[in-house]
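Labels run A, B, C and D following the written order; every chain starts at residue 1.
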Amino acid sequence: MRTIRVTIWNEFLHERSYPEVAQVYPAGIHGALADALAKHPGLEIRTATLGEPDHGLDRVTLANTDVLLWWGHAAHDEVADEVVERVHQRVLEGMGIVVLHSAHFSKIFRRLMGTSCALRWRSDPGGEREVIWTVNPAHPIAAGLPQPIVVTHDEMYGEFFDIPTPDELVFISSFEGGEVFRSGCCYYRGAGRVAYFSPGDQEYPVYHQPEIQRAIANCVAWCGGAAASNDAPERRSGNAPRDWFIEPGSPARTR
Amino acid sequence: MRTIRVTIWNEFLHERSYPEVAQVYPAGIHGALADALAKHPGLEIRTATLGEPDHGLDRVTLANTDVLLWWGHAAHDEVADEVVERVHQRVLEGMGIVVLHSAHFSKIFRRLMGTSCALRWRSDPGGEREVIWTVNPAHPIAAGLPQPIVVTHDEMYGEFFDIPTPDELVFISSFEGGEVFRSGCCYYRGAGRVAYFSPGDQEYPVYHQPEIQRAIANCVAWCGGAAASNDAPERRSGNAPRDWFIEPGSPARTR
Amino acid sequence: MRTIRVTIWNEFLHERSYPEVAQVYPAGIHGALADALAKHPGLEIRTATLGEPDHGLDRVTLANTDVLLWWGHAAHDEVADEVVERVHQRVLEGMGIVVLHSAHFSKIFRRLMGTSCALRWRSDPGGEREVIWTVNPAHPIAAGLPQPIVVTHDEMYGEFFDIPTPDELVFISSFEGGEVFRSGCCYYRGAGRVAYFSPGDQEYPVYHQPEIQRAIANCVAWCGGAAASNDAPERRSGNAPRDWFIEPGSPARTR
Amino acid sequence: MRTIRVTIWNEFLHERSYPEVAQVYPAGIHGALADALAKHPGLEIRTATLGEPDHGLDRVTLANTDVLLWWGHAAHDEVADEVVERVHQRVLEGMGIVVLHSAHFSKIFRRLMGTSCALRWRSDPGGEREVIWTVNPAHPIAAGLPQPIVVTHDEMYGEFFDIPTPDELVFISSFEGGEVFRSGCCYYRGAGRVAYFSPGDQEYPVYHQPEIQRAIANCVAWCGGAAASNDAPERRSGNAPRDWFIEPGSPARTR
C-alpha cells in the first residue's frame, strides 16, 4: 500500500494566546491531529503553521504532500494570496485537502467552492451537544463509525451553509437549538479531492475523541486516493488534432 | 401557463377507522390536500382512493395526470402490483409523483428508488417538534418558504433513511431527540420526476399548516414541469442505424 | 407569470474586428441572442457590452437583472475585478447566469466553479459536426428539444473539462474526432443558479439555429426561476440565539 | 490490506452456442475476467454461472462475496426472482456489484436503478470504434488509465440511457455514428455500491484489452471498499426511544 504524505496546517494562534485553549490542545491543534493520525499505518505526517516562512507551504513541501489538512479561524486574511494560489493549483493537480471546522471561511475553501461559505452559528458558553448522523453508510468516510456520533460540547454550525451541493454528502449534524448542518461533505475538483468536516473547535476537546479521529483519518484516506496515479487536468486538455488518438493501422481509421 | 392536472391518491383508511384522525382530517387527507392545492391557480385537481376500482388509477386517469400525490400508511401491500406497474410506467413516461410521509414504504416509491426505504422512527404520544431547514435556497421547491419551518407536533423520521442520494436535496429536518432527516428529496426517473416530502402525519394537523401547504404546492409545480413536452425514454432509444440522424445534404455527411 | 428581466452581456470585439464574424452576426452576438429570446413571451431584454462604463453592469442594472447571459472570448482579462465581484455577489443573492461557449474561461465562471475550467479544443477551418444528446429528458432545459440536435459546423470542445461535477447534467455532445463534452451543465450557487451551454461560436451561425435558440431560452427560464422569492444566503445565516425560532407559547418550548 | 472476495457471474450461454464467441472467450467471459483480475493482488476470485443450482448464488456464496460481477445478455428472464431478491438484499447490506455491458437489462440492475434501463443501440457487423473519456480524473475508478481509451471494435450503446443520474459519473464514450454514452457510472445503494461499466461485448475481444481490464479492476476495488466495516441500513434504523443515544451523566442530558 502506497504511503500517503500528510501535511497538517494550523493557523496556531489561539493555542498561544488563550490559556484555556492551550490547556485543551497543549501541542496545538496540529499536534493533536498529528498524534491522532499517527495511530494509522501508511501515513507520513508533517505539520506547517501560519508563522513559518511561506506559511510552511513552499513549493517543495506541497509537491511532496498528498493530503493537506487545514485549520484556521482568526487569521484567514493573513494567509498570502500567493500561497492560496499555490495550494489551489496543487489541489487541481491531484492533492487532497481536508478542511476543518472554522476553515469554512478560509481563502482556499472559498476559492475551491466559489460561494460565500457563510453559515449560521452560535457560541454559547460551554457549547452544546452535536449529534452526527451518517447518511451514506456505503461511503469510505463512514467506515467503522458508530451511528450516531455524539459530541457533548461543540460550537453550533447551522444551515443554510452556503456551499455548492456536495458531490457526496456523508454526515449531517443536529444541535440542541434544533439546527442541522451538512457536516461531512466531499468534492472533486480537477484531479484532486476536497473533504469538509465541521465537528471540532479550539475550545472543546473534540479532536481528542476517538470517533472524530477516525472520521478525520477516513477523510485523509479518501482524499489521498486521488493522488495515486491520475494525470493533472492540463495534461488531459489543450489543442487537439482531429483523430490524434487513432493509432496508425487501427481498423477504425480505414473506415 | 399550462394547467397541471393533479391526482391526489390516498389510502383513506385511518380517517374512517379512527375518530381522532377523522377529527383532524374530516374530508380525508386527500380532501385536505385538495383544499390546500385549490388555492393555487393553474391546477386541475381530482382525487382517488384505495377502495375504488383499480384504486382509482385506471389507464385513462393516469394518462390524464401530470402529477400524482401519494399518501399511504397501513395498506401498502393491498395496492395491486398491476397498478404499481402502471404508475411506474407513467412516471418513466413523464408524469411527476409527490410521495408523502409514510408512503416512503409504498410499493411505488420502493420500486422507483431501488432500495429498502427503511428509516428510523419514533411515535411518542403527542409527537414532537420538527424543524425543517432549506439547504438549497435556489431550488424552486424552496420558493417563498421561511427559514426554518417549525412543525410543533410531528412523528419523528430519522436517518439512516435508505434511499439513493437525492438528485437534489432541498430540506433537512431535525427532531427533539437529536435526529436529522432528509425531508425534501428530488429525483429524475426516465422522463418523469419524483419528490419525497416527509413532514405530515395522519394524527397531527400538519397538512393544515400554510408553509407545509406551500411546500407541497411547490413540489407539485416542480414535478409538473417534466410533463411539458419531453419524449418518453423509449421514444429516444432503440436500434439505431449508423448516421441515422444526419439529414441528406448535410455538409457533415460528405466528410 | 412573472416577467424575467434578462441582460445579455457580450464582449463585442470579434464582430467589430473580423468581417467574417460581422457577416454571421451583423447585430453582434448579443443582438442575435436578443432577437432569439424576443420570440419568447415574459422576457424583458436589454444588452450590455465590455466597452460601456462599468461594462454596462453597474449596480442598478444588476439589481434589476434576473438572468445574465455572458459571452466572452478574447478579452476575459479586460473585465474589471470589481465588476466580477459584483456579478458574483448578485448570483449568490439569487440572480441566474447563463454562460456561453468560450466564456468557460471568463473570470466570473472560473470564480463560480473554483476550478481551472480548462478543456480540450480544436479549431479546424470550417469547424466540424457537433451532435448534442439529452441525457436528462425530465429536465426543464431539455423541454421541447429533438434528440439529438445536430450542429453541422462548430468548434470542438472536449473532455476533460475541468469543472465541478454538474449538479444537473442535461446535454453531452460528440464531435467528429470522437471527442465528447458535457455541453449543458447546471449548478446551484447560493440563492442563484448557473447554466453553462457550450454550443455556439462567433464563426458559425449556431445562434441562428432554432433548436439552439430554444435550448438557450430554456436555460434562461431555468436560471430565472431562482430569483422568484428566495432569501439571499446571508439573510439565512449569522449568529443565532438558541431556540430563536421557537415562538412563545409553542408546546415544544415547554419541553 | 483486506482481501476482497470476488464472485464473477456469467450467463455463459453465448460461449457454448456460438463458435465465434467461443473463439474470442474460450474459457467463457467469466474465465477471461477471472484471468484479468488474477493479476491484481488482494483479490480472492471465484465464478458462478446461470446453469448451476441457485445460479451459483446460494446464501453462503453471497455472504462470502464482497464484490459480484454480473454478465448477462440472452437469458435475463431465466434468472430466478428469488435469486435476484437475495442479491438485491446483499447489495443493500454492503456487497458491491459491477454490472457489465448488456447486463444493463438484467433484473438485478433494473431493480437497483428503478428505471427501464433502456438505451439506444446498434449492431453493425464488425462493430465500430468506441472512445472512452474520463470525466472525473480524481475518481478511483479512473486511476492509471490513459485519456482516452480507444476500443477499436465494440457494439454501440447510446443515449438516452434510462438510468438515474449517476452519483458519480466517471466515463463517457463516443461511437462512430456520433452517439455518446455514460459508460462508467457509480451508485450508492443502502450500505453497498454499484458500478456500471459498458465497454465489452461477447463478439469482440474487449475484455482482453489491458486498459479495460484495469478499469474493471478499479471498479472492483471501488465497489469492494463498501464492504469493509459498515452496518447494514436496517441495523441503523427502526423504532427509537427519544434521547436513546444520550449516555447517563452526559452534560447534554441535564439541559
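Operating definition for what follows: contacts are C-beta pairs under 8 Å (C-beta built on N, C-alpha and C of every residue); 3 or more make two chains touch, one makes a residue touch a chain.
Predicted model only: the values in this text are computed from it and were never measured.
Remark: among chain pairs B-C and A-B, B-C carries the greater number of C-beta contacts.
Using the average of C-alpha coordinates as each chain's centre, C ends up farthest from subunit D.
Chain centres here are Cα means. That of subunit A falls 36 Å from that of subunit B. Averaging Cα coordinates per chain places subunit B and subunit C 30 Å apart.
Along subunit C, residues 128-129, 131, 134, 136-137, 147-148, 158-161, 165, 167-168, 176, 178-179, 188-190, 233, 236, 245-246 each make contact with two or more other chains.
Interface residues of subunit C facing subunit D in the complex, by the touch rule stated above, are 129, 131, 133-137, 147-148, 158-161, 165, 168-169, 172-175, 178-180, 182. Taken in their complex, subunit D has these residues touching subunit A: 1, 94, 128-129, 131, 134, 136-140, 142-144, 147-148, 150, 152-153, 167-168, 176, 188-193, 225-226, 228-233, 236, 245-247, 250-252, 255.
Looking at the complex, you find that subunit A touches subunit C at residues 92, 111-116, 118-124, 128, 156, 158-162, 164-165, 167, 176-179, 187-190, 233-234, 236-246.
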